[in-house]
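What follows is a pair of complexes built around subunit A, which joins subunit B in one and subunit C in the other.
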Partner chain A sequence: MAVLRKYLPHLVLALGAVPMLLPFYWMFLTSIRSPSEIFDVSLWPIPQHLDAAQNYARAASQVPMLRFMLNGVIVCGGILIVQVLTAVPAAYALAKLKFPARRLMMTLIIAALCVPMQALALPLFVGLAKTNLLNTYFAMMAPFFLSVFAIFLFHQSFRSYPDEVIEAARMDGFSEMEICWRLVLRGSLPSLAAFAVFSLVAHWNDLYWPMIVVTDTNLAPPPLGMLFFADVESGANYGALMAGAAIITAPMVICFLFARRHFIAGITMTGVK
Partner chain B sequence: MTLVDATLAKPEVAARAKRSPADRRKARLGLLFAAPSAILLAAFYIIPIVVLCVFSLTDYQLGALSMRFVGLDNFSKAFSDPVFLRSLWNTVLYAVIVIPFGVLLALGVALLVYNRKKSRAFWEIAYFLPVTATLVAMATVWQFLLHPSLGPVNAAIKAFGLEPVAFLSNPALLIPTMALIGIWQVLGFNMVLFLAGLTAIPKDLHEAARLDGAKHPIDRFLTVTWPMLGPTTLFVVVTTSISAFKVFETVAVLTKGRFGSETLLFELYLEGFEYSNTGYAAALTLLFLVIVLILSIGQMVHMDRKVHY
Partner chain C sequence: MQPQSLEILGVEKSFGADNVLKSIDLSIRPGEFLSLVGMSGCGKSTLLRIIAGLETPDRGTVSISNRDVTDVDPSERNLAMVFQSYALYPHMTVRENIATPLRMRRLSFAARLPLIGRMIAPAETLQEIAASVKEAADTLQIGHLLDRKPAQLSGGQRQRVALARALVRQPAAFLMDEPLSNLDAKLRAHMREELTGLHRRLGATFIYVTHDQIEAMTMSDRIALMSDGGIEQLGTPDDLYQRPASLTVARFIGTPTINLLPVEIGVAGRITAFGEELGLEAAPKTAGPATTSGPATLGLRAEDLRPAADGLAARVVRSETYGADRFVTCELVQDPAVRIVMRQHAGEGLPGGADATLRLGFDAQRAHLFGADGRRLDVSARARVPA
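Coming up: the complex of A and B.
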């Protein structure tokens, strides 16, 4: 009875973990198995023929898989940089500088937090179509340049920065830019790290907006590329398809395994994905 | 104490004397610092919302040369459009499956994981992994896993002597299958929220409940843990329902809306971006927005409590 009590939670958790991890295991197993073993539904981990090289090569040649990854890096990096550049000064102004319309702006930001991106997609799409900007990196990034969530988060964090330190820095001749970026932001590095994770994961995995503004395969970020790839293969070669899925999933999963705490903090900061 | 006050008072007086130039400088800098965000806020939130509302009252089609004001016709059309009503019903069905399972299973896992000392990190990784993985790629894997003849899931079902389940070809099972993937994805996310909620419960409360006669763990769960988790549970239910109403990727990968399996967001995508019925899609978008806003009221209250202007 005592033994059961001790091991029962582990047993239940292990049984639950099987369906949680099965897709990852199956993806990896199929990606290294020979396509001729496709009818082998066993979960035995050692394939008869190790065809990893062939599958991954096919995934990389059938569609420009590396190009998708590069697009993902460009889009996610561009979005994150602009988000931080715009949100940090705004959050600093809202937290520490009393300017007119401050309350109005804070109210608008909180209201905007509740508006999902998908609700704004239609007018933004029409605007981009009218200005001939569809199928550009700019179109993929622009709607996310302003992160109201980043402003909200940094505002919460900056508010607790001591005013005395800011006053002292002003006396010492620091410019307001220096105070904002060098002092106040430095005190909020955990928030910055968590936000960076949140933003990168959200945009690396986003399908909706790229699917709307991009039809050119060469501009597709990983999820859209995966969709193209799945259509091209249409179930013909599961080995290569799973290799493609593994390539796309790997960066976030590996980062998660190495920086688990930051990842969990970053992703769960908000329920709004 | 008085000594400290006296020394602090001096710069205070000095500051008050030249308060208005310093304050004006702050106000000017504040406006300057907030300007880029304010412009983006107008360009990417306020103007689009206004444009969206205008579109919803017209018969505008992208590329058309003219448009006509049609009043609320788009909205009345929506409620007699069988495809839209079906997408609404599908989304509600999806949410009704995902919310209870996604929340209660996550609570169960969180309660079990919370008391593990050495193995906690391992279980956290195992259950959180689906949250970080790219859903489009993982939905493709699920499609393979659930394949009627090539997938191990049906192989296992057959091994038990049961009939194989046509997860992805029986129209009645499409939404439940997608909901299954939805639960798989949201579980770890909710588990972490519950773990945070559990950490916030003072340990003494459990001890006090034990002394008061709550001998059994289930008694202590009902008298202490569950009531203390109230706010967390509300938050988890709200975020889960919002993300359930935004289901899109699994539909895009598994069915592309075929066999009557379109969800709200996918129907929106088709009307607005595939068929270019901009005016009609704008009306549907507003209906979608209203649903999300109603669901986010709970979240807004939660956020607002943390805000002090």
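Coming up: the complex of A and C.
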């Protein structure tokens, strides 16, 4: 009984993890199989013909995979930096400063959380087209520069920072910006890590917006590159396609594993699930 | 640094409809240890925060050594504050915590930046800061803790770090907001002693906020007792204890709480309780109506009461001996709801033992009389007219 009580939760969690991990496993399995086995439903990890080398070589040589990855890094990095630079002071002001209409602002932010990206796509596209900014990195990044989600997440975390420490800092001569960046954000590193993972994963995997504003292969981030790849191959070689998918997924998995502890602390601390 | 004086003139503050401070005037002498004491919500912390510059008064001015600082930033007032939660910077070591006020004042923005700052900062200034930090740490005997983080310290140690951080900047005055209330009773008594020692050594101006009248009584040169947004009485601890200006002050100061007796002021100021003559006479007011007749309250300290041949009859309810002292709780025979505590030496016998009836005597000059409005009235012995 005691044994059951001890291991039952783990068993349930493990069962829950299976459907989450299965697509990744399948992707990896397909990426090392030969074309003849692609439609085989067996989950046996060792294929009859190990085509891993061919598939990965093909994925790497057929399209400028490195270029796509670099594009992804530029776009995701750019978005993340501007998001943090704007959201942190906004969240600090909302959480710790007194000013008129603060509650109204907070309400607007929560309301803005409910607006889907797709609703804004058309005006943004028209705006970017009019200003001749289509087919630039800027076009891929600009709509995401101001993240209400980031403001909300940081606000939740900053709110719990002790007021007396902020007051002590004011008496010691810290400016508000120094308090915000050097003390309050310093105390919320788990939230920063959590937000970085959310933001990087979301924009690394985003296909929708780059597809709208970018037609130049040289600017394509990984998922859009994969799409071009599929087109080039007329969608026939799934093994190579999955090898490409495995390559572009890898950085995200590594990124999460590194930030895992902070990430989990960040979301449990702020109550965002 | 020379001790500085502080002047507070007509300071008012409201939060919404809540009138927290109602026109406060207070002048604090250079080098004085002044306590602001009162119940929670009386406005004492708000007043301290206004002095610190963390709140802006709606009206009135704050001056430090005759310089008006009402609109000056907190950091420019050169005041140091010790907070109830100590408010140490959690990610910094003790050394960095103590150095911070000096770094902020003496180093440029660029020199304060992490990594590059170290290369730009003038070595001489850094050495001076290190020396000041060491001196402050030695004063408070925390030299061995300098490389720890606040989370690794006990409450008492954090308290010392907070004091060292205040000390290091040699402020015009120290502001303390209930600094001892998070410590256990034994450590609190010890830190009380250390704080008074520190005050004596530094000769600096201290403004100390507390809700604990014992802290205020034992440490202060003067106490400002606040109630309901105003200063009820300002004076030495002795003044407040011996001559409370109002019922509020009398109730707040002293352990056990002062005994209060409902009395009646009759014709010619004669004072009676439950129809019994007490041998006291309320002095005629110097201004206003000549006599103050009507209901009033008589305050009697536990140590001023003694069993006597005549006086109010009381029944002993409980007797507790604390080593040298004994506290005898009685209820009045006329009204058992009125409880009176009498303090005796443990050596003195209790007449009749427990459950006995006795009569309570006291000296007229030790009695405190408060009118219906709660203000102090003068009282004197009255020659007893034979009935």
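Just so we're on the same page, the second predicted complex is superposed on the first by the 192 of 273 C-alpha atoms of A that agree within 3 Å, B and C clash if a C-alpha of one lies under 4 Å from a C-alpha of the other, contacts with A are read in each partner's own complex, and residues count from 1 in each chain.
Please note the rule applied: a residue touches a chain if its C-beta (ideal position, glycine included) is under 8 Å from a C-beta of that chain, and two chains touch if they have at least 3 such contacts.
If you're wondering where the values come from, they're calculated on a predicted model, not measured in any experiment.
In the superposition on chain A, contact of A:Val165 is made with subunit C only, not with subunit B.
In the overlay built on the shared chain, the residue A:Arg186 is in contact with subunit C alone; subunit B does not reach it. Judged by the touch definition given at the top, the superposed model places A:Gly173 against subunit C, while subunit B stays out of reach. Contact with subunit B, but none with subunit C, is seen for A:Ala245 once the two complexes are overlaid on the shared chain.
Once the two complexes are laid over each other on the shared chain, residue contacts for A:Ala17 go to subunit B alone; subunit C is not touched.
Once chain A of one complex is fitted onto chain A of the other, the partner contacts of A:Trp204 are limited to subunit B, with no touch recorded for subunit C.
Taking subunit B and subunit C in turn and counting the residues of subunit A each one touches, the greater count comes from B.
Residues 162, 164-165, 167-174, 183, 186-187 of subunit A are the ones that touch subunit C when the two sit in their complex.
Of all residues in subunit C, only 52-54, 73-75, 79-81, 83-91, 100-101, 104-105, 165 touch subunit A in the complex they form. Chain contact summary for the complex, subunit B toward subunit A: residues 23, 26-34, 36-38, 40-41, 44-49, 51-52, 55, 62, 105, 109, 112-113, 115-116, 119, 121, 123-138, 140-142, 144-145, 149-152, 155, 184, 187-189, 192-193, 196, 235-236, 238-240, 242-243, 246, 248-249, 252-253, 265, 268-269, 272-273, 278, 281-282, 285-286, 288-289, 292-293, 296, 299-300, 303-304, 306-309. Touching subunit B in their complex are the following residues of subunit A: 9-10, 12-13, 16-17, 19-24, 26-27, 30, 38-39, 41-43, 85-87, 89-90, 92-94, 97-103, 105-106, 108-110, 112-116, 118-127, 129, 142-143, 145-146, 148, 151-152, 156, 159, 176, 180, 201, 204-205, 207-208, 211-212, 222-224, 226-227, 230, 238, 241-242, 244-246, 248-249, 252-253, 255-257, 260, 263-264, 267-268, 271-273.
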